[in-house]
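Listed after this line are the structures, all set down as structure tokens.
Across the two complexes that follow, chain A remains constant while its partner is chain B and subsequently chain C.
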Partner chain A sequence: MTAVLDAPAPARPPLRRVRARWAWGLGTVVVVGWSLAGAGLFSGDVLNPAGRVQFGRFAGAALSPALDPAFLQVLAASVLVTVAYAVLGATLAVLLGALGAVLVARTTWGRRRLGWTLARGLLAVPRGLHEAVWGLLLVNVLGLDPWVGVLAIGLPYGAVTAKVFADLLDEVPRASHDALLAAGAGRVPAVLYGLLPPASGGLLSYSFYRLECAVRSAVVLGLIGAGGLGYQLSLSFSSLRWEQVWSCVYALAALCLLADVGGRAVRRRLAAPHTPGDRLARDRVLTAAVLTTLALVAWSWWYLAITPATLLTDRTRQQLTYVLGAAWPPDTDGDLVRSIGSRAVDTVQMSVIAIAVATAGAVLLAGAAARPAGRTGPGRRLTGALVRIGLLLLRAVPPPVWALVLLFVLLPGVLPGALALGVYTLGVLGRLAAEATEELDPRPRAALAALGAGPAAGWLYGVLPGATGPVLAFALYRWEVAVRDSVLVGLLGAGGLGALLASRVGAFDWAAVTSVLVAMVLLTLAVDLVGARARAALR
Partner chain B sequence: MSSQPFVLPEVRRVRTHPLPEDVVSSPRAARSGGPASLLPPLTRRGFLAGAAAALTAAGLAACSRTSPVSAPSATGSSGSTGRLRIGAIPDQDPEVLQRLYGTVADSLSRALDLDVAYQPVTDYGAAVSLFRTGDLDLVWFGGLTGVQARLQTPGATPIAQRDIDEAFHSIFVVNAATGLPPSDDLTPLAGLRFTYGSETSTSGRLMPAYFLQQQGVDPQGFPGGPGFSGSHDATLGLVASGSYQAGVLNEQVWTTRTREGSVDPAVVRYARTPAFHDYHWLLGPAAADRLGADLPDRLIHYFTGLSADDAADKAVLDLFGAGSFITTKASNYDRIEEIGRQLGLVS
Partner chain C sequence: MVGPSGAGKSTLLGLVNGAVAPTAGAVQVLGVDPAALRGRALRRLRARVGTVHQHLELVGQLRVVHNVNAGRLGSWPAGRAAWSLLRPQGVPEVLEALDRVGLAERVFDRTDRLSGGQRQRVAVARLLVQQPELVLADEPASALDPALADRVLGQLAGLVATGDRAMVASLHDPALALRHCTRVVGLVAGRVVLDAPAAELTVADLATFYGAPR
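After this line comes the complex of A and B, so read on.
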């Protein structure tokens, strides 16, 4: 999610074809074709038209969510739990990120590349596992404790945050830092007074971005039994009470919207600070945001009644020993390894289809979803608002729900899971693409319009060339996220490594669980590397 | 284009990406101690001290509170007698569940004169782990999860089962478009797209797989491999849609849904499995140590004594969909354990 911060600047497009990009483009076409073939698209029926009645029931319930007072009361309490998880999880992530950043920053390691590479590699482990997987593992060690939700968000997010914080610290201008060192200051004061102040705007901005993401993750945790909104959603979902499912989805969408709007306001403010003249004054909006967040942290702590002592009890140690003892050494049985291999292929194909679908959709919708510059008619504004709400709902319905609903109208296989992920990712990517479009230089399009070009031509020649780069960069970044999210779809049976993990956890076969987890981390790492290479070719 | 004497129409100022200067200047806004601050003066030190104080206060307040999501502690408010922590897997409406907590805990508490806390658990895996860790003393397990829990928790004893659990059945259903007439022969199912329910469900997976195997159908076969819908209701929905042509679910759910009239006419009953044992209450070893050696007997007495004639008892029985509770024993689940091992679900 670094992408949001260092969104590739709209570079001047080179006026010649870059051969590397052609190679990547061709490779992409081949991989997408291979994935679609794997999903059985070219080898028979994939649609199940008879299931549209069931699908209609799901869609129709969107207009009649359950609103009886008893249910709403249950829902309200769950929303509080979800908010508390998100706030504490994000806070823990920022704290861990701040500590971790010191360990993985180039500034710390200097020219010792090996140490730096190893430290970065170490971060890949917590980052490679989805929050839901962390939750699943932590429930087995900590039992039903609010720490499960907080740690499951905080650990993987902490690893990502550490990486981003380290990058931010490494990238700020180093003049004052070097000056302090030259003047005889120690390394620690030099970093504290020379690097931290210029980086603090970026750090704060990213911290708020993490908080936004944590809300959605907190819901996912409920699905595996950690309480909150997701827990109510999974209960209603397992008995197919779609009216109740939609109530949960709307509550979640409202929460996401609140977090998005708040977080965006803070980030905008940081990018363009309002300072009264040249006086050094504290920004009231930012101070209020930070104080509110701190108050929320205190409230969440009180509400979830978290005690750090739980983490240090004898029982926790016993359970940790029990699980680790059963989980090591990993199972290397031939059948299991073969099965991991074929499931990993499924997972890759699922994620590729998901990203292809999401990218195509995002490119098509970005224009409509972007807030247009200047004055526009009410029709255009209404369309924009509707598309944005649609995208919000797409990402508010958790992927497992999409998977089951799509399985009504598609025949079983990789495709329903892949499309479920794709639809969910479209919700996220569509928003990012719209924001990227808003940030584009509006002049080319205005110039074309002034010359008499129609809206379609203006979009094709004025917007698309500039938007392609950032949108593809976001898509590649989301690919890695989709690989991790595919676990979630799999946990509820749509295939891939997630399905294998669910079955091994269900059988309490810890040694096999370790093997699957190792495979997941390696797969995420590989996808991350390929994605980074492709992004580099785009720059 | 800039060399042309052509004036572009006026457009909004280009929003540029933050330059390094912006990054440098932004902390000015966030930094503390500005001389002309409009807010009441708040020094960095004051801010940090205030934040630390607020968090400490929250932490201290948290100690005296029970979390809305955690398991209740073993020593309840009633002091020395301790507390019995019971758990069940919800498969009902959230608001029905809220009532279930109260009804069952109150009834048990009154009958046994114990402090009883009810803990809802969402999934069986978590319930098994919590039972092992001693977070839960008495849990309403399914056949397979009960076996898993007993294997991980030496000394656990089965307490009671419902009248219907002694001879529980599963129902194989098919989509009407398959045109299969009801039959006891399961072999025609082998060529259909088939879904089980949840992976560790006794009635939605384990026993049906066993009976399929008995008739020579590979339970892991089926075109494209078997699906796992996740729940009995999802199985019904998927078979109704025709995505899966056949499936299997718990007879209790089938009967309830048929009576409600909510089963899609496209779903047809195909076969009923022979009887097997399923759900039961399992008591952990630590509870008897804490609450008295006669606890198992008192619990058995309580459960078997629940009568449908008494209004309060009936509320409890209804919530579990039972006519009455009867005794059970560990050997009832030996067959489940054996099949679980074959299918790799018990290790």
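After this line comes the complex of A and C, so read on.
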């Protein structure tokens, strides 16, 4: 050992920074700064001091929600409507997804890349449009019919589900499937025996996750007039009945929590089912979950009084023919294109600010929101529970409602819309970041504590390096969602492409609507592409 | 320290570095009872005790230099620790430690690019930088091939030989224990059943500890 110590000092290899990452980091800073400038943060007033009183009244009503029997009855009925829409929408999505997955899976296409790429591209169109946009379009074809809500959830969700189902099937190791084919089994039996069993857990789990999301979407559709909890919320809001607004918010939070907890319980059970090995039996909890869902579907069908006949009436066909005829070719008038361009910039800036706010907040709160691994004092546990409840409330309230609340204290423009999206996304991202922290290997951090590192140094060396990757990947994924959601906030008046779409639909200018829709789909595709590139640079 | 799995070797090491709290009795580490210390004083004691497991304590996403520098987090203030993540601090000492384990040219690589044996040596380099008075090694050689295991234990023994230091290691291989240690303690079901200078023992004497049914 001593002989080695006397040797000359070793040469120092150069410290190489990963250039791609630095470029992405610098680019992010520039884009966030540009977005903030675009939202008017550095130029002129953004605060609305006059709204402070109204905001105080709104906040004050949080502790005294409306509880009179008449209103509670109305509330219960609207909760049922929301649940019915969510259940039927999610069911339709899973059915469409199962069919669509066959169309877009690599397994189906094999080496025919062109067909596969075309099928995938086709799915991007329904996926790129927000549920609310679908609702707005469908209401003009079907009129005020419950089908509008069901289809508005089912069509875009169906496209996403098809993509995810196909990916799940394609990710299953192929060895057993290929062995069956080699043994002379047909293609369908080979898939049934070799691919579906290993993928079935993931497929079911994702279906239940979609049901959770559908609850949130049903609320949002209510905000644009489809009925249910969201509709009740917007009614109470516009008549300034703050106590009722808070009752709706609490009902919403409870519903989201129920969907969240139920969905997670089912998904956890799917990962580790309780089945005896000595006889043919199914896991009781899972069987009950599936039967309950089927019963809910039948009940929702009856409760919303849906009939397939509505889709086939002459009036619907005429209206559809008229709208499609008027919508093609798209309007390429110079003014419209310029306006689309500037609104698209607004939409992008809104989503960028939203993600920047949400990511910063999530990083700050992740430590407090994560369930600590070891023993902790009651103070730490209480803080954790409070932060988690706070995050749940943030994500239970749909972004347009946050925008309305923020308009009390901010002047109208891009900023309130962006912050509303940011606050909502913080609710989602905060939970994801906390889960990413919980899933980290605890041993490196324990080792740092054992050699005397303080809490700050332990966090910097033991948690941050491992959590950065997943949290940034989640943030990029949520950015793609935020672009879609910013259209929704725009629909209700916060500017951007959504506002333009609402005004064009209101004027029955279908050719212009087509142009805006094309712009939306292209924007979503572009953001997906940038997000995918950035994630690749992170890896 | 030798003994069948479940004999309490890891628990004993955990008691010494404070990862396990005693349910009865008291522990004296370097003349102090860790259970009686809080905050800064506890951290100061921990900085004097270095632990090495099977390279599981390293952070894969960090560069090697940071994982080695982590040995100094007990003495560095938080600000310096944070700044070092951007501009690595104290690189000459890190390079010297890495050179002793033969990894100087990998100093700025990401740790998860290294093989298991290389990571084990990074963990040893962390100890070399930490310069603890007491080294705790929990089966430090179990993930390594025999030649590498011998080399790693040699490096640990070399560190302990400089200055007034001691090492407590739990080992699976009786030959390693006899070659690198001065004293062998056998544990069975939490009790000391053997305590003798290594020079008086043979591999055959220790075989009973590894063959014991458990």
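By our rule, the second predicted complex is superposed on the first by the 505 of 539 C-alpha atoms of A that agree within 3 Å, B and C clash if a C-alpha of one lies under 4 Å from a C-alpha of the other, contacts with A are read in each partner's own complex, and residues count from 1 in each chain.
One rule holds in what follows: a residue touches a chain if its C-beta (ideal position, glycine included) is under 8 Å from a C-beta of that chain, and two chains touch if they have at least 3 such contacts.
Computed from a predicted structure; not experimentally measured.
When the two complexes are overlaid on their common chain A, residue A:Arg241 makes contact with chain B while staying clear of chain C.
Touch criterion met: A:Gly469 reaches chain C, while chain B stays clear of it.
By the touch criterion defined above, A:Leu460 reaches chain C but does not reach chain B. Touch criterion not met for A:Gly110: it reaches neither chain B nor chain C. Looking at the shared chain after the overlay, A:Trp299 reaches chain B, while chain C stays out of its contact range. When the two structures are aligned on the shared chain, A:Val505 is found in touch with chain B, with no touch to chain C. Legend: residue contacts after superposition of the two complexes on their common chain; A:Gly379 is shown touching neither chain B nor chain C. When both complexes are overlaid on chain A, the residue A:Gly452 reaches chain C alone and has no touch with chain B. Contacts of A:Pro329 after superposition on the shared chain: neither chain B nor chain C is touched. Applying the stated touch rule to the two superposed structures, the overlap between the chain B and chain C interfaces on chain A comprises residues 7, 9, 441, 443, 446-447, 449-450.
The touching residues of chain A, when paired with chain C in their complex, are 1, 4-5, 7, 9-16, 441, 443-444, 446-454, 456-458, 460-462, 465-466, 468-469. Listed in rising order, the residues of chain C touching chain A in the complex are 17-19, 42-51, 53, 56-62, 66, 70-71, 73-76, 78, 81-82, 85, 88, 91-92, 95-96, 98-100, 104-105, 107-108, 130, 132, 154-155, 158-159, 161-162. By the touch criterion given at the top, residues 7, 9, 48, 50-51, 53-55, 68, 70-71, 74, 77, 80-81, 136, 139-140, 143-146, 149, 172-173, 197-202, 204, 224-228, 231-232, 234-236, 238-241, 244, 269-276, 279-284, 286-287, 290, 294-295, 297-299, 301-307, 315, 319, 322, 373-374, 404, 407-413, 438-439, 441-443, 446-447, 449-450, 492-493, 499, 502-503, 505-509 of chain A touch chain B in their complex. Only residues 1, 8-9, 11-12, 14-15, 17-18, 20, 22-39, 42, 51, 54-55, 57-59, 61-63, 65-71, 90-95, 97-98, 119, 121-126, 128-130, 132-135, 148, 152, 177, 193, 195, 199-200, 224, 227-231, 233-234, 236-238, 240-244, 264, 266, 344-347 of chain B touch chain A when the two sit together in their complex.
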